[in-house]
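Can you read through this structure? Questions will come right after.
Going by the order they are written in, the chains are A, B, C and D; count residues from 1 in each one.
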Amino acid sequence: MQKTKRKIINDPIYGFITINDPLLFFIIDHPWYQRLRRIYQMAFAQLVYPGAVHTRLHHSLGAYHLICLAINELKNKNVDITDEEELAAKCAILLHDIGHGPFSHALENVLIPNVHHEEIGLQIMHELNKQSGGKLDMAISIFTNQYEKQFLHQLISGQLDVDRMDYLTRDSFYSGVSEGVIGYDRILKMLTVNNGQLMVEEKGLYSVEKFLVARRLMYWQVYLHKAVLAAEKMIIKIIERAREIYTPSANDLKLNSTLDYFFESFTNMNEEALQKFCLLDDVDIMFAVKQWSNHPDIVLSTLCKNLLNRKLYKTKLQTEPFDEEEVLSVKKMLSKKFNVSLKDSSYFIFTGQAVNTTYQLKDERINILSKNGTYNDISEVADPLIHKTLSMPVKKFYICQLT
Amino acid sequence: MQKTKRKIINDPIYGFITINDPLLFFIIDHPWYQRLRRIYQMAFAQLVYPGAVHTRLHHSLGAYHLICLAINELKNKNVDITDEEELAAKCAILLHDIGHGPFSHALENVLIPNVHHEEIGLQIMHELNKQSGGKLDMAISIFTNQYEKQFLHQLISGQLDVDRMDYLTRDSFYSGVSEGVIGYDRILKMLTVNNGQLMVEEKGLYSVEKFLVARRLMYWQVYLHKAVLAAEKMIIKIIERAREIYTPSANDLKLNSTLDYFFESFTNMNEEALQKFCLLDDVDIMFAVKQWSNHPDIVLSTLCKNLLNRKLYKTKLQTEPFDEEEVLSVKKMLSKKFNVSLKDSSYFIFTGQAVNTTYQLKDERINILSKNGTYNDISEVADPLIHKTLSMPVKKFYICQLT
Amino acid sequence: MQKTKRKIINDPIYGFITINDPLLFFIIDHPWYQRLRRIYQMAFAQLVYPGAVHTRLHHSLGAYHLICLAINELKNKNVDITDEEELAAKCAILLHDIGHGPFSHALENVLIPNVHHEEIGLQIMHELNKQSGGKLDMAISIFTNQYEKQFLHQLISGQLDVDRMDYLTRDSFYSGVSEGVIGYDRILKMLTVNNGQLMVEEKGLYSVEKFLVARRLMYWQVYLHKAVLAAEKMIIKIIERAREIYTPSANDLKLNSTLDYFFESFTNMNEEALQKFCLLDDVDIMFAVKQWSNHPDIVLSTLCKNLLNRKLYKTKLQTEPFDEEEVLSVKKMLSKKFNVSLKDSSYFIFTGQAVNTTYQLKDERINILSKNGTYNDISEVADPLIHKTLSMPVKKFYICQLT
Amino acid sequence: MQKTKRKIINDPIYGFITINDPLLFFIIDHPWYQRLRRIYQMAFAQLVYPGAVHTRLHHSLGAYHLICLAINELKNKNVDITDEEELAAKCAILLHDIGHGPFSHALENVLIPNVHHEEIGLQIMHELNKQSGGKLDMAISIFTNQYEKQFLHQLISGQLDVDRMDYLTRDSFYSGVSEGVIGYDRILKMLTVNNGQLMVEEKGLYSVEKFLVARRLMYWQVYLHKAVLAAEKMIIKIIERAREIYTPSANDLKLNSTLDYFFESFTNMNEEALQKFCLLDDVDIMFAVKQWSNHPDIVLSTLCKNLLNRKLYKTKLQTEPFDEEEVLSVKKMLSKKFNVSLKDSSYFIFTGQAVNTTYQLKDERINILSKNGTYNDISEVADPLIHKTLSMPVKKFYICQLT
């Protein structure tokens, strides 16, 4: 009796996610999409929050589910959205993270220097578009904000998009940091379109505030948790060290796998590189870490062993910079202790800055639509919680040190 | 094999609540405590949030459960708390709302003018203390903040007490406003005692922020929701009208029940009045509303019928005062429509102010204890979300009008 | 931009319930429907499970929400359901419990002897139909199973209807007996229509088993919990006693309220009686209990005081009948202790039987539809959990005794 | 102020898990325990339930948390448990799955033929015991059921142990199959010790029934879900094929990693093998699958590519065996299609049997303790749900076929 193929997927958060169009199946069944199963959404956060092992694939399915709800809601409010636009928006959100490489943000710009995941993602979308015979044209147009109905792009990428709604909800659910939970269902119910822009009805104001505060909490408590930071710095240092000591002739770093290409031959993201990139996932990196934990280079093997066995850098966060002289004296000590050069010991102790901006006043806005039809940015309503203070970037200084 | 009587109570929020001391059973089994079963925790909020029908009894059991967790946590951190103090604190929290009358805050100062529920509560505690042979001495001392270990009082009554933690959690759970949910478990884990005062460990900072923001949200979205406000104003107006037209001779307002006493004979909260008070609950008020919905006084019967059938005042909230001339002209219209005097029509339309202060800087403090042993108020830490703006009282003007 | 009035209601279980048709608003806003706010869904279960204070109104809104989901699902599977049928089914489920009186099942056949709530409900529906100008014709036809598409009736009343799905889910949620939780969302996804009958797809088999076992658990653990049983017997005995000692002349039982009518004048459910009935709710009964707790009749006042203060009968459940001689000897003792006649002491001690049938083989069926298009009753599939044993009524004998 | 190191770990299910003894830290920090982070609890179930990506480490932390609750409960009931016994039981449960290899049950007896994970686990425990200076003696004694207080062993391994309670709860939570949820908290509250044996109080009967029915549901709906079965058969066939075509000289299967050892040199689980085993995890297998997806052997590379890209066997489950002639004819077709020998085509189509027994009458018992002190197996109480039918093994025949 059923007209078209229809599949429901169990989700611990939303219950059931429904897939019901051949183009959606084309994307989901594609090896490049399936690859996202093998990329942790939260990289090494699982070393602190053991439950946080969910994947990029799961997140993008979740964001897809939320856009289904959002579009349904907007249509109920008589916002004009054609079937074609609906499907295009769904494809765009399914693909919004397709350009992520192994360990996502943790290794972004490290493994593939100077290429942002959104650029790669766009390249992949164009390739998939070719394969599908041009069926993704509108999805790409929405993704790149060239489509006239801008609110569709804003649903996918904006201060209050379904991407953020899903990742905050999902990351907080899986990590067990229940305070990160946001009222995604109420926010979705409060979305509306005015003047061609995505807005929030007045009575959704407190839900949006809660959303921004939850985000702030998740940043400091989870994403920038000092042990999470430590683990992510460790994998970065491992890749940097491997690249530093890599020589084409000496092959004791080679794994005979796709990863080799990105040490040996990669120059820019040309077609060959893209094909290679689409074969990479967390498995390649973790396998490398396991292999290199026996490498003769003491710096590399030490870092690899430590990451594997969760001997993370001891890390401190503070509002003032650290005393560089003290850092130097520890560096000297570690250089002796591990018998490495002073320069190399900067793999074992280093400082830096972590930055978080909860709400960016300038770049993007969350418009609150009042009943009389006027609208204001959330920072300009009466009695704002979200205001100048919150919208200034907050820097913290960190120090990481092997123990 | 079991030493003492021990009872577990199912709670939808916390799972199981354990009662395990004769003194606790004495309190819970007392008719004055059982009376709290018949008092809604959230008065008429259920007219807007149909799930919000939980009771004062349930809330005080919940707060009791949280203090059990909190004390256990503090003891694990080697805070010195004797068995006697532990039991006393538990009794104090069980009894903290014993002085509430029908519909709690909604009718406070209306049914029994000029007597605060905490005063009545204290009188009741003294009476129960007598009945128990003085076993509640320490509980009362903690409740009134005369006990030397002040942190015990702070657990029961302070900016971050188990009372607030339970009511925010429970009200948000039962109303279905899931955004009011707070991380009570994490906050409890972060509690500590320093300098004899209850404090929060530094890493609990974001949880406390979340708690304060959840409270702000619950205030505007639930407690001061305009339809909730409307219903509570309506029951107040009903009691006020009944009192206004009450005459000792004309008995068409009499119910031949305890409630009569508070219209006829009450002067001050003497022993007789207290005994009468302890027989009152929501049933008495609701029965009166049902009876009076047929009363010849058009003002009284109209309000009663409307409340019963959920024809609430139409209400607006705004940041500016309402135009008194416009109000007057509506008043005249309603006076004609219902055929009542202009004076009486102020039962049908009126204005006022609702106030909310999320965090009161002066009165009470939430101390954040840093690792180096220093502590600061939450409004004084680096990068505060909670600061001057939030701690100013926020007024909104409302207008209620029959339709 | 919104075409029709549309309202969302917060529900702690389902998130949001949407009302979007004038006929639905007509029903919900009707005083007879609002009356259900003042009737506990689970009568006195709250004396054992303090959270179980939800109302008939909330339950029928919940069941309404589930039928919205079910119909949406069936339409996605190309089951032919017209807009008119959809609305009619929604009205029917909203009204399915409209005939319940105070304390629902607990006082059914006691307060109004020999009249079942479904009969009263039907009378009320006819009256509402008149008031709405015949707009409820089809709803009534579905409710009484006279409508040709029988599956619509089965959604409302059958072994696997949305009524049961909601009350199991809601009762378990509010009582905190989390084990009663059923997978209502999965069952709904597995519903289908075959041969004009509601069926469950094969892969929903285990969910249905779980549903039936959850029901069994809720019966013994909650609905027939011995203290719940005790409380419900107590209110029954109170009403029976009041009726027994009631005389038209002596008015010390009178409350001057609607309840009087059902002691004095009620003969059959004629129009006057129906109007009176629609004014009754839990408030009337609870007020009577409070008043009668001071009545000179020792039997009546004792029972009333005990119920108010939660001094319930001590109750035992067992598979064998109780020894009648032992019962008699206790009866004599209680007769002396309370100074009442031997006959009257049967208000203080009595025995009886509680019955539960998890699955009734004969009356109704749950058809499991296999992929090849054949279907079988759930008790006839391979490897059945649900079979003869489970479908036999299970009796337990109880004894209740005042202490 | 804190005496000993104490750490809390966020868990999405239980809230917080507390670790508070140096011996527990010794275990958890050990590389062999950290290895469990890299082993999926549910192998390839995530190909069907994308949320089911939790790890063996997380499960064993969860089971540890439940034993903490259970022991606390038993001590409250005056069961004699010394501090040493408590710690030993906690260590035993933390280590109960330490012997699992990559993909747990899916590859058990395949990667390391004829060695059960519990044997390996015991070897590892002995080795850890050595490293800790004998501090795990009692834990091992409990684990192997040689300790006199048998109920401690039963908590760890029995029909109603914390292992099952956690895995049912966790697997159902992470997969989103909410119907698998059990009332672990109530069961724990109902545990008691009688006659030296772990038993369940009578009033926990329905909770235990629910537990067994949830298990039955999880088996058929999740663990033996046909696509999950398909994925697990696929990884088994991959390993079998690799082993079949492996020759010491031809090294195109070699990965230069630990895995090679188990193809080349493994004979029995001697000390060297154990050390190697403790380096293996899911990463090694997934890396092999990725590498071999380019292997010249068409059987191996096809299976590897298919598993990576989620092109699983098409699978059927039925109660009757499949027609062997039909199977043969498909085999021939596949042999042609893939250009492999008829023998090799049995990697592409094959049949077998899946077995599930919900409750094993003979081996183990769940004793229900009645109030009068007698006890019976759950299958022998009055009105049993769990009886002969449920306790017979249920076989289903399956067929898997490449498409």
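The rule is short, and it goes like this: a contact is a pair of C-beta atoms (placed from the backbone, for glycine too) under 8 Å apart; a residue touches a chain by one contact, two chains touch by 3 or more.
All values derive from a computational prediction rather than experimental measurement.
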The chains touching both chain C and chain D are A, B
Interface with more contacting C-beta pairs, comparing B-C to A-B: B-C
List the centre-to-centre spacing of chain B and chain C in whole Å, with centres computed as mean CA coordinates. 31
Please report how many Å separate the Cα centroid of chain A from that of chain C, as a whole number. 49
Chain centres from averaged Cα atoms put chain A and chain B apart, in whole Å, by 43
Residues of chain C engaged with two or more neighbouring chains: 15, 177-178, 185-186
Answer with line, ring, star, complete or other to describe the graph linking chains that touch. complete
Given the complex, residues on chain A that touch chain D span 9-13, 15, 29, 31, 34, 37-38, 46-47, 49-51, 53-55, 57-58, 61, 173-178, 255-258, 279, 283-284, 286-287, 290-291, 308-310
Can you list the residues on chain D that touch chain C in the complex? 178-179, 181-183, 185-186, 203, 206-207, 209-210, 213-214, 216-217, 220-221, 319, 382-385, 387, 389-390, 394
Parts of chain B lying in touch with chain D, wherever the complex brings them together: 1-3, 6, 8, 15-16, 76-79, 185-186, 189
